[in-house]
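To keep things simple, chains are lettered A, B, C and D as they appear, and every chain counts its residues starting from 1.
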Amino acid sequence: MSSNFTASNIGRLVWSEIKPALLATFWICLLAFPLMTLSINPTNQTYSFSMARIPYLAGGTFALSIIWRFFLKRRSFQVITKAVHQSEGLPEDLTKGPKPTWLTVVMGSKYRRQGLIVLLALMVVLPFISNPYSVNVLITCLIYVTLGLGLNVVVGVSGLLNLGYIAFYAIGAYTYALLNHYFGLSFWICLPLGGLTATLMGLLLGFPVIRLSGDYLAIVTLSFGEITRLVLNNLNITNGPRGISYIKPPGFFGLDLNGAPKDFLVNYLGVDPGMDVFKVFIYFIILALVILTIVCVFRLENSRLGRAWLAMREDEVACQAMGINRTRAKLTAFALGSTWAGLAGVVFASQITFINPASFSFLGSILILSIVVLGGMGSIPGVILGAIVITALPEQLRFFSQYRMLLFGALMVLMMVFRPEGLIKSTRVVHMHTLKNGNGNKTKLEALTGAPPERASSPPAASQSPGQANSQANGQANGLANGLAKPPQGPTGESS
Amino acid sequence: MKTVVKFLAIFALAFFLPFGASAQAQETTRIGYGGALLGDLASYGLSNLYGLEFAVAQANAKGGLLGKPIEIVQEDDSCIPDNAAKAALKLASENLTLILGHTCSGATRSALSAYNNKVIMISSSATEISLTDDGASPYFFRTTPRDDEQPRLQLNYIKQKGFKKIAILHDKGDYGSALALSLQANIKEQAPELEIVLFEGVTTGEVSYEDVVSMLRNSQAEVMVWGGYHSDASKLVIQMRDKGLETVVIGPDGLYDQQFITMAGAAAEGALATGQADISGTDAAKAAIADHHTRHQEEPGTYFFYAAGAAQALFAAVEKVGNTTDLDAIKKRLQEDTVETVMGPVRFDAKGDVIGAKFILYEVKDGKFVPVN
Amino acid sequence: MTYFLDLFMSGLTRGSIYALIALGYTMVYGIIALINFAHGEIYMIGAFTALLASLVLSSLGLTGWGLLFSVAAIAAIYSAMYGWTVERIAYRPLRGASRLAPLISAIGMSFFLQNYVQLAQTPNFMLFPDLIPQMPFLKPVAGYLNRTQVMILLFTIVSMVALTFYIKYTKMGMAMRAVAQDITMARLSGVNIDRVISTTFIIGSVLAALGGVLIGCSMRQIYFHMGFLAGMKAFTAAVLGGIGSIPGAVIGALILGFAESFAAGYISSSYRDVVAFIILIIILIFRPEGIMGQAQTQKV
Amino acid sequence: MTAATDRPQSAAKTESSDLILSALGMSMVFGGLVALNNVDLSIERDSITALIGPNGSGKTTFFNCVTGIYKPTRGDVILYPAIDLPSISLKGKPADVITHQGLARTFQNIRLFNNLTVLENVLIGRHTRMKAGLWGALTRNKKTRQEEAEAIEFSFELLVTYGLDSMANELAKNLPYGDQRRLEIVRALATEPKVLLLDEPAAGLNISETSALRDLISNIRENEKVSILLIEHDMSLVMTVSKKIYVFDYGRLIAQGPPDEIQRDPKVIKAYLGED
């Protein structure tokens, strides 16, 4: 074996890595040659030639190419290892349950509750230890978390590709802006109204697209998004492209938070929040909305309705054959997904205080979709992380100023190439079986109710104790925790 | 656990970097620039930035501002209101109190609301009337003349030439559509005898304007007034002339740009535009143009002088006040003192509009904008 | 009537441009079921390369038809190289991933290319030279049909015919049809999938580049963001015609072109796109698989 | 093996008390192709009926028409839920309604919800027997929690009965092939069907798996009070479990009767082996 490590062998090995990188470098330089070396003087339509940028390009490409090849090799090696292990039946022990991920470890540990409280406390304290700009980024980020989770219901859970999601965001924002502008309605009245309007528009869009699926659905939703934007741009009532300004921020029980309370804080309490009070207030509103959204989406996903959506995503024919009304499932998915966009839109309008149709372009839909896919389709923590990356990363990249969007685009490609399932892969909730079955042992249910469970013909007796029902229901919430414990094994005969 | 680390890393990267970033030693006097540096309207934003850079370079050569060299902190808003608010908050969080910007009217309005009257802001390109008229922004100034001048000038010309049928087209943007609506209102009020045969928005960035040309021909308009920027106008004019349509074209200051003539070539001949009165004739302006040539190898852009003038006026006011934080004092100086700048003497009125800035009507003759007497 | 004819001609040219770009979308989709969002950017790069090439070549003394065709050829070659590279970097490593991963990768690529051109050149609108020589014989119909329109129609028809022949009668064309039908079976019968996909991207890019050159000649201006709207419209056209179908893309593009022109002319230019999109939605509601798309019976 | 079952038309009329499902005059035309031509078929209560025929003879099309995946061109399907209940026409009803009425099916090429767990697959089968709506899902009130708990309990018991409980939390796609087939049947059973339609359940199984499947099918019929309609190519399986066999060829019903009769029927032999 040691003979393999002769100088010439190592040289050959290194060369085999460097050669393709050199080729790639040459190719990219060739590609970039005219666009990067020729510059046009627009006044007299002459051109000048300069090779100054080429060495940087070549160096960068060479380094990137080496790294790219290394990671691609690693990726394919991992795939092969996995396949070999599988074919040899190595770790595929089906009784072991899904492999614990860090999420199940954290969420499943007995410190889960404490962990969540710490996180929540951190989120509550955050605006007070940061500057106004960061609070604004945080608000934007949380708005996009809401949007991402809402779109996740449509795309990630139900499998309906929606490219016009920004329209519902716009509808929410304009609902508040218009009602506030013309009728002086307050934020708190408009918040549910904005959500409701978006829901209704979602239904309206849902009806014509019931028969469509896949990319046809995508293009119709895209059209819907564009139609909404164009109509907002052309109507007089929305003030067209000039938009609506001076939208009121939310008040606190009728108290105007713009100005006065800050003076109060500074003068009487000696605390200087260092920023506008209403911004902090909006932060807490959107934080509450995000928490509400997470709870709702989690509950939906693990309910009868959510499973219908999942079934629809997985197989449209089989889902109908299982008794699921596909039309209804599609419509609820569309309508509910839109609701959150509407709510987020209202908050957005109150945060930015000026909206015009330019804020709701197709690019917005694309960004929200990127959040869902980048984060991990159908995964709630994934979508949250995705929203952080998509909204906060470009802010961080401001350091690179004009190269910002270039890097952002490149990162999206790299992310998909090396982690196509998203940052956090969606995992299914684990249910633990509480029955000790088979060998004449009483089931937990029997033990509690004293009656043998009837099966097959009718559902178990409704006289079940509420405690049991609770523990089962909690089984869902605690499912992650239970997933760590081995499910008790019943006899696995071919048939009973 | 590797993923936990990854998660934390991303989280930290996302949020905690900016918290530390604002703590910097103030060895310089800093001025913020907010406007379009990227996106479709980047060229306007860049001409603003170059103007500011010119003024800063000049001031720094003479020892800076308040005894310290001036440093520019720039943020892009791509002329999108949403981004402008973000950029504004970013600049505000750096404790900047002097801002030059923003480029577009819509973005400026949203930025104003984000600054929340905590900075002195001078725009050299936001022309929309209400920005100063509504009185909500006491610390906002602008060196560019306002939009309401332009429709008036255009209408006068139309009446003078005896045109009867008018087509008004706009680019559906906040700037262009406001101008178009304002002209429409002007005509209804002051010249109801004129007939508006076509009032339409045009989608910009399209692959063809031929259908618009067809509509124009069908409407038999004698004059077409464009509300929007030169980039679309030049395409429209080329296609109009290509199809043998001789309708007179009048545009706003968005069209008054040498770029329009370069782009439209022969088709630009005879087109009219309202534009800021020519200020490149003075010695100071000529020196600035020469400086711009050496720095950027091109002619200065539309708003170069207005940005440079704004910056020079601002520097003078700050120098007199002696600090950058007393906004009311700076405001007072800006309104009371007349400062000699590359764009001529600059002083602001009570609303914040520059005094003496005027639009005049130009016509394209032999590849140049020539004032119409 | 002349007004109608006028609008008809403008719809025809508009539709032809859409068709050239839509073909790239529909071919890629037909083969690997991917919405290639970066396709509009390839079209933009074609236009930019053509601009640079025309400046260099005309300074070398080339004029007239020779200039036009060599510029078009250089733009086509460069766009093809870009198309090929984009597929290699952003899509090939993702083969076999979920359907949305390549879509996001494509969007990332689109951002990247747009900003790359903006940084490498400028964000400004750039003047595109008038490359199409004068055609004196068009004098009588000058008001309705000018030389750029003639060239656009000519280019479109020629590329369409050439493409149809290529797909129908060459070995590679047959392989493409096979891969479009069933990628696994095609691989099993010895078709080199990678090569087929690369060829598809190259052909699509060449057509997009031609579209870029023609639009440059017609609008006389190009800029880095031009690919977005054109790409979106072309994609809409491809879906309208039944994505994956080559004649469908052309028919869809023409319908969209006419719809837009007539909507602008007879309704309102402000609402033109609204009308166009509503027509699209209505057509898809009644023919969910597009105009020329095959109605697929769910196989159970 | 009564003589009465030889005459389905009259059986549908006179002896409906013995039948659970009857299809009358089913026809299905795709474009110009006649996939099903006026087929009558009935299933006796608590029996196993088989449907055989060469490939492309219209068996799966028949399934699709009965279960509402396709809308038949002509014909009616009538369900007799119980002896003392009125009959229900399933004609033109959508698939989900038909499933709710008590018909459940499996697919020729397994159609599980691959990225969901085994338990969730079965829970989705429970969908049609559950009531919780949007409100229940969001508030997770007592009623919903109880219903959910019952559904999980029910599903677990089914999984235990059919030996899949140890894999309850595995993703369906990670199951071995034989278990996937079994899971599809369990999922159909979760809808509490009156008639279970199995489309080639033995396809792709080896000999021992097939014999296990035979036991499974018999067990299901005994345990679950369900009538079974079975499409199958494995003749040994068909002949041993079924009480009655229908034979399709070119979309027509060419023979029907008990297994031993069918085995001897010259028309059936001709359809399978061709003419000499």
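Heads up, the rule we're going with is that a contact is a pair of C-beta atoms (placed from the backbone, for glycine too) under 8 Å apart; a residue touches a chain by one contact, two chains touch by 3 or more.
Just so it is clear, the model here is predicted, and its values are computed rather than measured.
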item: Most remote chain, CA-based centroid, reference being chain D; value: B
item: Contact-richer chain pair (by C-beta pairs counted) among A-D and B-C; value: A-D
item: Intercentroid distance (Cα basis), chain D paired with chain B, Å; value: 72
item: Centre distance in Å when chain C and chain D are each reduced to the mean of their C-alpha atoms; value: 49
item: Separation of mean Cα positions, chain D and chain A [Å, integer]; value: 40
item: Distance between the centres, which are taken as Cα means, of chain C and chain B, whole angstrom; value: 35
item: Junction residues of chain B - those touching two or more other chains; value: 38, 172, 201, 259, 262
item: Residues of chain A whose C-beta touches two or more other chains; value: 42, 234, 317, 402, 405
item: Interface hub residues of chain C, defined as touching at least two other chains; value: 115, 122, 124, 127, 270, 273, 298, 300
item: Residue numbers on chain D that touch chain A, as the complex places them; value: 67-69, 94-96, 99-100, 104-105, 107, 111-117, 119-120, 123-125, 127-130, 132-134, 136-138, 140, 142, 144-154, 156-158, 160-163, 165-171, 174-175, 187, 189, 191-192, 212, 215-216, 219, 223-225
item: Residues of chain C that touch chain A when the two form their complex; value: 29, 35, 45, 48-49, 51-53, 55-56, 59, 78, 81-82, 85, 89-90, 93-94, 97-98, 100-105, 107-117, 119-122, 124, 126-127, 129, 232, 235-236, 239, 243, 270-271, 273-274, 277-278, 280-281, 284-285, 288-290, 298, 300
item: Chain C partner contacts - residues on chain A that touch it in the complex; value: 27-28, 30-32, 34-36, 38-40, 42, 45-47, 53, 72, 155, 161, 208-209, 211-213, 215-216, 218-220, 222-224, 226-227, 230-231, 234, 316-317, 362, 366, 369-370, 373-374, 377, 402-403, 405-406, 408-413, 415-417, 420-421
item: Residue ranges of chain B in contact with chain C within the complex; value: 38-40, 42-43, 46, 169, 172, 200-203, 205-215, 217-218, 231, 234-235, 238-239, 242-244, 259, 262-265
item: Residues on chain A engaged by chain B in the complex (per definition of touch); value: 41-43, 101-103, 105-106, 126, 129-134, 136-138, 140-141, 233-234, 240-243, 245-246, 276, 352-356, 358-359, 385, 388-389, 392-393, 395-396, 398, 401-402, 404-405, 423-424
